[in-house]
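Please find the structures below.
Same chain, two partners: chain A is paired with chain B first, then with chain C.
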Partner chain A sequence: MPTAPATTTVDDVLVFLTAALGTEVGPDDDYFATGLADSLFALELVTFVEHRFQLTVEVEDLAIDNFRTAARIIDFARTRSGAAAS
Partner chain B sequence: MASATALDTVAVYQPDGVLPLAELPGLDELGEAARETCAQLGIDEVRADDTLGAFDLAGRAAQRALAEAGLAADDLGALILIDSRAPETLMSSSATRLQDLLGARKALTFSVGGLGCVSLTPALLAARGLLAADPELEHVLVAHGSKPPTPQRYRHPVTVSGDGGAAALVSRSGPIRILDIVQETNGAYWDLFHVDYRDRPTDRWREECGDLTAYSFKLAVETRNRLRAMYRRLLERNGLTAADIDCHLSHNLSAGGFRFTEETLDIKISTTCFDNLRQYGHLGPNDVLLNLHTELERGGLQDGQRAVLLSASPAAAWSLLLVEIGEGAATHYL
Partner chain C sequence: MTQAAEPTGLPDAAEFAAAVRHEAADWDRSGTLPERVRKAVAAAGLFGVGLPGRYGGAGGGPADLGEVCARIGGVCSALRGLLTVQEMVAAALLRWGTAAQREQWLPQLARGDRFAAFAATEAAAGTDLAGVQTRIDEDGDQLVVTGRKLWITFGRTAGVFLVLGQIAGRPSAVLVEGDRPGVRREPVEDQLGMRAAEIAHVDFDAVRVPRDHLVGPPGMGLTHVIGTALDHGRHTVAWGCVGMAEACLDTAADHAAHRLQRGVALAEHQLVRAELARASVRAVAARELCARAARLREQCDPSAVAETVVAKYTAAGAATAVSGAAVQILGAAGMAPDSLAGRFFRDAKVMELIEGSQFVSELHIAGRLLRRHGYRPAPTERTRTVIQEGPR
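Moving on, here comes the complex of A and B:
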């Protein structure tokens, strides 16, 4: 179920990442740098972020720094939600 | 609305030589992760013949298309060669070489390319434009020979390339009507994949990805967004819904690539594509022609049914072709 961005935690993101990557990752682990990510994972990740945070990831959002760790995903989603709310 | 364009004949040529995946050149030079990725692509083997270049493959397919259409080369109004990824010689013209091989003396002849696996689309756009612009011109032959630019056929982490030729005779009417074509590009990725070739022997040429993360993430998600928008636009401007499309034929990169497209568009890619991928690997711009040819041979598309042919290239380019089987209303009104 979609939840408001403010109630989604890093742990929620880590649950998704662990399932999608098939291995445990930490909040600051860069799964792109370790070669775990492929294009199918990218699709799953962005779909998860869009659904969970109720936003649309546009081409201009696709800086890898927004998505390379669980902590950065939370930061990105909160920034986007804040921008949308302001 | 674009003027009427149809594929009169689609012909393919595959060399007899079979190269199993396990015998790919350079496989032993790959790291464990790359070898594992290669093994998971959904490709069992490719066709390969070191005695045939890209030009030979295009020529054989073109000759086969003319023979199957029952058309003399002299009757060709235009001939469009889709450029190979690595020309056999510089300065010379492969397009006019093909004109000479076929004996298509009257054919307006040129080549197109620059979009990798999507390069079939500019060829069809050019053919459609020629047919619309010149009422005296009746037949345009489009041909391509697909041969990987490097001795290593594996392009990490994307696909394995085989050898093969394909050709399509484009006319104003025919059994496969082209209802619409959409194409988009993003030049920011122009050299994401490249082969450095100057001042080094051919056996050291490699297909290299300049930024694997850009390929696996940024371009992947942009491809999702682009394909969704293009698919929606294609359907809307033709007054169709997804339920009106009977068959989706993709370019053949990998089984994962098919799943990516299926998830992106909420569609099913025809099993024909999976079968051709397994047997022939990736054949560049020829993939969708091969898949269409096989689908028709198998009886998977009947008169009145529609198919969407999807191509994408890391160049980066995307295209969708909407085709309908049968000659159209003119043959159905009786």
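Moving on, here comes the complex of A and C:
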């Protein structure tokens, strides 16, 4: 899988989150904790992650810790991409 | 008719719809969908349209499923509702079930060996499903489900319920077979529309199921499992509404073209033509927005969830407006006991309430628009609580 420069990846995720949540989101902001996220957002986020990182989010991945901040999303995607490559 | 050709390799929903069209008014009047009809739906392969072949489905895409729902929806909303609830539960399991759960449940659902129902709504939790009170208590290798669910489509006859409850305050989804001790069904009759949809309120009185009936991890039952089911439900309801609007338009146009009053066809009257024009545009607009949402779903585009809300909102509004126009043009024939337009007039209002009401859809659509224009939502009561107390 092609790996984009790290800053671009972070920016992509932040642009999506900021647009979807309607507020500026930083890499470590926990938008689930602040109640900004609703169920439509949760599904959009899963689809965005799958689309952006070309992976499938399985039920085993469905822990809030994988998705609660931009930084964690990127860590999750890296782990999954690494696992797929190995 | 305005529908596209039936895709090859998929069940022939148009043929099935044509074969049962003349019975739908009787089902509505009697408030039941006969078991032989449900079995015929299964035999025709209509339950597995959206499921992959390895689970016994037809492997159809979102547009294929949509077209099936439009064909069936153009004959009977309750019959389309039967497809919707089966597809909702199947979609949630396909997306968030474990491999073992998919193997166990999906072939049964695709074959129609077991009928599924979706049990989320409660007395104090309709739109705000986060407020459900149903308890799912952990007891060794079992889960104990206790609560009362309302307005369950095909709740009278379902063989398995996808139930939304709380495990220690965390929203969770669990499958409960209908024949488990403690499941009690209370039929709902004579409601406004979808009268053949075997609706029931269902009590779950300390119903025990194996722990492997939990779908998705605790805490993700609403946002993901139920969220996926509702998203899928909106897709199928939207297409069903397209079928309703198209069927009503056909009926109204046919009547206007042939009905004479004082030797003049209704079609000669400008008011009738204006009504038909508006109805025609609404029907085609609904179809195109549903097709657009189906395309985005096919492409796994992140906007597909929101665009499906737009499609469902538009299509439900179209079904309401076009059925109303049809009844108006048909006159007395529109209020006759067997009138398709009259039946859809009642059903269409239900479509504006279920799977996200028109009000809720408007809030969502406007909220999305405003966020793109930099609007920042004020903290809600729940937000403030979470900020003060931390997430659960």
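The criterion applied here is as follows: the second predicted complex is superposed on the first by the 78 of 86 C-alpha atoms of A that agree within 3 Å, B and C clash if a C-alpha of one lies under 4 Å from a C-alpha of the other, contacts with A are read in each partner's own complex, and residues count from 1 in each chain.
Rule of thumb we're sticking to: contacts are C-beta pairs under 8 Å (C-beta built on N, C-alpha and C of every residue); 3 or more make two chains touch, one makes a residue touch a chain.
Keep in mind that this is a model prediction, so the values were computed, not measured.
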Chain B versus chain C as contact partner of A:H51, first or second or both or neither: second
Touched chain A residues, chain B compared with chain C: C
First, second, both or neither for A:G22, with chain B first and chain C second: second
Partner chain in contact with A:L62 - chain B first, chain C second, else both or neither: both
Chain B versus chain C as contact partner of A:S39, first or second or both or neither: both
Overlapping contact positions on chain A, where the chain C interface meets the chain B interface: 32, 35, 37-40, 42-43, 46-47, 59, 62, 64
Residues of chain A defined as touching chain C within the complex: 16, 19-23, 30, 32-40, 42-48, 50-51, 59, 62-64
Complex interface listing, chain A residues touching chain B: 32, 35, 37-43, 46-47, 57-59, 62, 64, 67
Touch list for chain C against partner chain A, complex: 96-98, 129, 216-217, 219-220, 222-224, 226-228, 230-231, 300-306, 309, 364, 367, 370-372, 374-377, 379-380, 382-383, 385-387, 390-391
Parts of chain B lying in touch with chain A, wherever the complex brings them together: 33, 157, 212-225, 256-257, 259-260, 263-264
